[in-house]
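In what comes next, chain A is part of two complexes: it sits with chain B in the first one and with chain C in the second one.
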Partner chain A sequence: MLRYAIRRLILAVPILLGVTLMTFVLMWVIPGDITQSFMDPKIGTIDPEVLRAVREQWGLDAPFLVQYGRYMGNLLRGDMGYTSFTNERVRDAIVSRLPATARLALAALVLSTCLGIGAGVFTALRRGSYLDTAGMIVTLFGVSVPTFWLGFVLMWWLAVWWALLPATGYGHGEWSYVVLPAVTLGLSYAGAMARLTRSAVLDVLDAEYVRTARAKGAGRRTVIARHILPNAMVPVLTVIGVNLGGLMAGSVVVESVFAWPGIGQLFVEAIQGRNLLLVQGCVLFFAMIFIVVNILVDLVYGFVDPRIRYD
Partner chain B sequence: MDKGCPVWSDSEHLCGSTPRGLYLRRECREDAGVVKTVRPRYFSTLMAAAVLVAVAAGGPVTGAPEMPRLGGVYVKPNVYSEPLSMDPLFALGASTIMLQMNIFDGLVRVDPIRKSVVPDVAERWTHSPDAKTFTFYLRKGVRFHDGSEVTAADFKYQFERVANPANLSPHMARLAGVVGLKAFQEKRTAEITGIAVVDKYTLRITMEGSNLLLPYYLAGTWASAVPRRVVEERGKDFGVRPVGSGPFVLESWIRGQEIVLRKFPNYWRKDQWGNQLPYLERVVFRPIRDTTAVQAELEAGRIDSAWILGAAYDYSPEKAMRLLAEAGYPKGFGVKILTVDIPIQVAVVEAVAGYTTYIGFNFDLPGVPWRDKRVRQAVNHAIDRRAVVDVVLHGMAYPAVGGPLPLMFPEAQRASGYGYDPEKARKLLAEAGYPNGFSARILTRSSPHYVAMTEAVMGFLGAVGIRLQPEVLDTTAARAARDQDGKFELSLSALGGEGHPLIFLQRGFHSRFAGPAGNTTRYRNPTVDQLLDRAAAARDTNTMLRLVRDAERIVVDEAPWSSILHLKGVMVKQPYVRGLRPVAIDMDWQPLEEVWLAWEPTRR
Partner chain C sequence: MDRPAEALIEGTARRRLAQEQTIAPAAGPRAARRLWWRRVRRNRNIMIGVLLMSLLATAAIAAPWLAPRDPIRNDLANALRPPRASGFLLGTDNLGRDILSRVIWGSRISLTVGIVVQSMAIAIGTLLGVFAGFYGGWADDVVSGLTNVMFALPRLLFAMAIVAALGPNMFNLFIALGMVGWPAMCRLVRAQTLSLCGKDFLEGARAIGATDLRIIARHILPNALSPIIVMGTLGMAHTILAEASLSFLGLGVQPPTPSWGTMMSRGQLYIWHAPWLMLFPGLAIFFTVVGLNLLGDGLRDALDPRLRRR
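Up next is the complex of A and B:
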């Protein structure tokens, strides 16, 4: 199993290389670089000569391959560069935003998993009933509704009208601040999770071992807890893992809407400011999260389903 | 939720009950500070009508002036990206400037109301008759946050820091024309000889030529005093832990979360009653970039003010107008105060815009129709600016009927003769050889009000046969395409932010600034260049302004721009906030030392 994990990690290297190259190409294609922030019309004239000097000094005037080569050279030495004029390293900038992102992702994951699995099992066991249909319509809504829309609706309803929760920000770490973004983020994942759980449970419901369990007189609860759930959970587990990756990396919209000081917000600012090194850093981080989470999920399979072996 | 009924200041006066009578207002005593308003909780979900008392242009209402209240925490959104560095070496980005203004002091500053240069650390200054030598006399006893005294040497140190090419300050060229600058930058001298510390409190700057505008250039935050010892000790960290002599000290900066400024108790300024400034105990800047979220926080009472529509702020006019309509905001000038019971209590401070939004023609393209002056004039005649302002921007702007200069300048022309006249536009096009019009691409930004303005312009020009195809890019990309690459035909842009009409015209139309420096249309006219150069070298203000007017007249006739409108700057604030100024350049660039809270808000 260890050998498997190592092999997977080695395979991740070309993926990461591809990611850096693609990000570099994309940032190269979009007009503007970081010196664009100098040209705010409010700040007055910046001499074009000065801009040229700054570009030269920062190596922004070099051809694409030279810039990319330099970046990769530094990266291999573990140096992701600096964010701006201060001494802040890209690595530190990302690490400092990690707790906020992790907090939001975990809260949303717990919420989406509990709601999703609960609703999925509940509706599957009542297949064909009105409750099942209603549940599926609600989950369809959860899957389809865009997070930014849901975010604003919740914000206006719970933060402005009812004044129950703070609308945006991180506060000083109070849990009340995490509720709105986590619910917004969690609900969109919960819908998909519920539908998946439902179909997984339905698959297992007709399995022979479930019928056998019932035939030998096991109680309804025992059948669900001992025979249905453990077997239905294998595909669900994959999705939880992938969701965690998605939540860590994909909360860009929700973080922006709720002014949540996580990596998503950092990423958006980096793109708008054409802060190439910071964009690279964020994308690399997102890619790493996905790779690591996927490897972990694969390894966990082995524990959940003893038939799966990695040799 | 109880909201206090305050005693209002002389320019912002309100007392009384609401026309809807949704709640019981017991009484409102003008002498007793706060009176409670009792209201059943569930009404808080209802939209109630506005109570409005409009006071024309800051005119006083009867009653003694309200004395400023000390203390309190003022929370405002930072709608811009995080500051790159707070070191005045890099006075870049709107949020950086907003903070630097309150942490640092310069020799002079631009007064937001009078739009003229006023004293800061320099209590006065004189210039020689030939306007080449400026002597700045500094106040005594001005302290840095670390306790050391601000002296002339600190300014000289900062100016040389900025000019030093090794520091890569984007403001390097700001001191152009100072004697000895070149020798210093080429490392032939250890100092800029033209900047002389006469004594501890006197700084003399000598220019190679006459330059009456020098104080305007020195009003930027890049020209702030910094303590040499701290700067050298902290190095690049100075950008994160700055020390200035301004009204506030940077207390904490948690990226993405909040920036907190704390009152500097030894700040040198006092108000007219002799109170120590600043009034506020703390200012909290919260990075909220989404405009809907800003609005929600404002209405939830968790932030105290927000700039809702400005030239550089992407706020949909519909949203802004809905907010203002709910608040009962009428069109027009002046400072108005109004409250809406629920869900917002807002007051509005409005500034005359410091920007001009225009259609620019790219002069670098060969063989295009707009190289003919008549075509540009036709475009000018084809657009109904009043309609654009009223329909697209819902009155949140002034039509630019007077040429390129923003209305904040008293020198701005009020009429240019480019009235809405589609017939004349068609005639001019026919004379220029385009009786059936022509097609062109127009570069614009993706923010809602830009898109809306572009659509309107396309309609008006389409009516005279000019078929426009929009190219919509995000702000950074649009600027890059326009400024650096010059890859555009027509562009919808804005220019502004300058403290003087001459600087505005230089940036917009002098060939020296062709390209990214401001003259994005790459307009080149030797006569205009010469007039502007002569104005810049003028030895007295009257001559300067005469030459500025001459240059402006030519620019209006030649029409390298079709000026469309000047956006208004409007600040929405909670009713307890006092002392906000109508800052034309950027409503968020408030000098916060005079801001105070009339009563302690109950934050949720």
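Up next is the complex of A and C:
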């Protein structure tokens, strides 16, 4: 197990390097360079002397590889640069918004996982019934609806029409504020989760060991709980990890709909203000979390499915 | 007999049926085509999907004749009219523009974005996927490494960041969504190529002296076509949702061009007084994406019974 874990960690290193390279290139492809984002020639003239001084101060005149090396050096020391206008550290700006996003993503992940797995198992065990068809239609709607639109519909219905919940904002951290954004985000991933769980359970349903279990006289509950579910959950586990990436991307949209003060909102503000180092920092941060979660999922995977460990 | 056991027997029967269907094409290409066509006609998902997509295509092609009014001309005297009021079937927006006309014209944007972006994804993904799968070795290492890195980046966020860096307009939207769209296609085509490379008919083609290019064009690509079409269709659904999200955040198609996402982006300011500004473009996106998802799922069942989702 330890060897598997170490090998998995080593495999993540080139991916991490690649991701930093991609986020670095992101700043490289800006027309002109990053100085253009706050010294816009359309607004006023720029003194070429000043431009040259700024480019020299920031090391923008160095070759690509040298710049990337400096960028990596700074990253390793936890330095992602400063935000435009407020000159706050990008790292601090992100960390200060982390609790709100973690809270929303966690609530949505729990909701979508419970709902998705529950619905997937329930419909798969009733394959071909009306409940199964109804479940498929509902989940199809779930994966087809734009997240932000669903958010507004729920907001209109629950916060305005019935006035049950606060419409937007974070309040003083009360749970009532997290319900609407979490339900919006959770529902949009529950659909995909349910469809995947359903097909995973259906795959296992036809397996020979399930037939054997039934043939030796095991009861229905035993077959489901001991033979079908443990095996069907292995692929579902991976999807939970992949979904977390989607949840984070979804949180960008949902946070901006519900004025939720998380990293997603920070990201949108950064984009709209062309605060490019902050944009870069947010993408890198989300990618890091995504990689770490997937490593964890793989480790759990190796733990529950010994075949993978001994490959 | 309780349910799982029933399902079990049914599952075995279905599997046998699926096996028969995959064996049948050996009878010849014409028989295979007939079988395929029968499966398509019997598939309810495909039929509903085709119906919804033809509605969309009709709206997009015939927009100038179908739309009752000019979609971008302001008419402040008629601003924020509710649906069915004084000749505006779906109401008007804050600048008095007819929402029905804008929804009809918006279908052009969604369809264009979906088709262009998926074509880019298919072109790049197929090229790199075949290259990696066919030649293996360092080619495979480089392409697979790149795909793995792209998979580690959150797709929608990276697309947003690309648009933010390049500046928001339709062309950059294509680039951003195409950039994040190809890795999934590449992985699929690479896997297909790898599985085909071990087959006897490829060895045969090589033995009679076919060049690499000929083997790829005549033997690999036609055999990998079905899953590419399925993934392209489902990818189009994702792309249209992504375009809506980007436009909603002001990063996609710029006003006054009538795009469904942009319409909703403006509409959110009037959500309390005039919810129809958001309702109708949202429904349009919803039905388009439902149609594409149904079509993709149905095609997967019809084109490749072995991948049947049951």
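Keep this in mind: the second predicted complex is superposed on the first by the 225 of 311 C-alpha atoms of A that agree within 3 Å, B and C clash if a C-alpha of one lies under 4 Å from a C-alpha of the other, contacts with A are read in each partner's own complex, and residues count from 1 in each chain.
Note that in this section a contact is a pair of C-beta atoms (placed from the backbone, for glycine too) under 8 Å apart; a residue touches a chain by one contact, two chains touch by 3 or more.
Remember, it's a predicted structure, so these values are computed and weren't measured experimentally.
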| item | value |
| --- | --- |
| Contacts of A:19 with chain B and chain C, given as first, second, both or neither | second |
| Partner chain(s) touched by A:241 [first = chain B, second = chain C, both, neither] | neither |
| Partner chain in contact with A:160 - chain B first, chain C second, else both or neither | both |
| First (chain B), second (chain C), both or neither touched by A:144 | second |
| Chain B versus chain C as contact partner of A:249, first or second or both or neither | second |
| First, second, both or neither for A:220, with chain B first and chain C second | second |
| First (chain B), second (chain C), both or neither touched by A:186 | neither |
| First (chain B), second (chain C), both or neither touched by A:54 | first |
| Touching partner for A:269 - first (chain B), second (chain C), both, neither | first |
| Intersection of the chain A residues that touch chain B with those that touch chain C | 30-31, 152, 155-156, 160, 256-257, 272, 274 |
| List of chain B residues in touch with chain A within their complex | 1, 44-45, 81-82, 84-85, 87, 89-94, 97, 165, 168-173, 176, 220, 235-237, 239-240, 254-258, 286-290, 292-293, 296-297, 299-300, 302, 311-312, 343, 355, 473-481, 483-485, 494-498, 503, 506-507, 513, 515-518, 585-586, 604 |
| In the complex, chain A residues that touch chain B | 30-33, 35-51, 53-54, 57, 84-88, 93, 96-97, 100, 152, 155-156, 159-163, 166-170, 256-259, 261-262, 265-266, 269, 272-274 |
| Residues of chain A touching chain C in the complex | 14-15, 18-19, 21-23, 26-27, 29-31, 125-128, 140-141, 143-149, 152-153, 155-156, 160, 199, 202, 205-206, 210-211, 214, 220, 223-224, 228, 245-246, 248-250, 252-253, 256-257, 267-268, 270-272, 274, 276, 279-280, 282-283, 286-287, 290-291, 294 |
| Partner chain A, residues of chain C touching it in the complex | 2-5, 7-8, 10-12, 15, 145-146, 148-150, 152-158, 160-167, 237, 241, 244-245, 248-251, 261, 264, 268, 271-272, 275, 278, 282, 285-286, 289-290, 293-294, 309-310 |
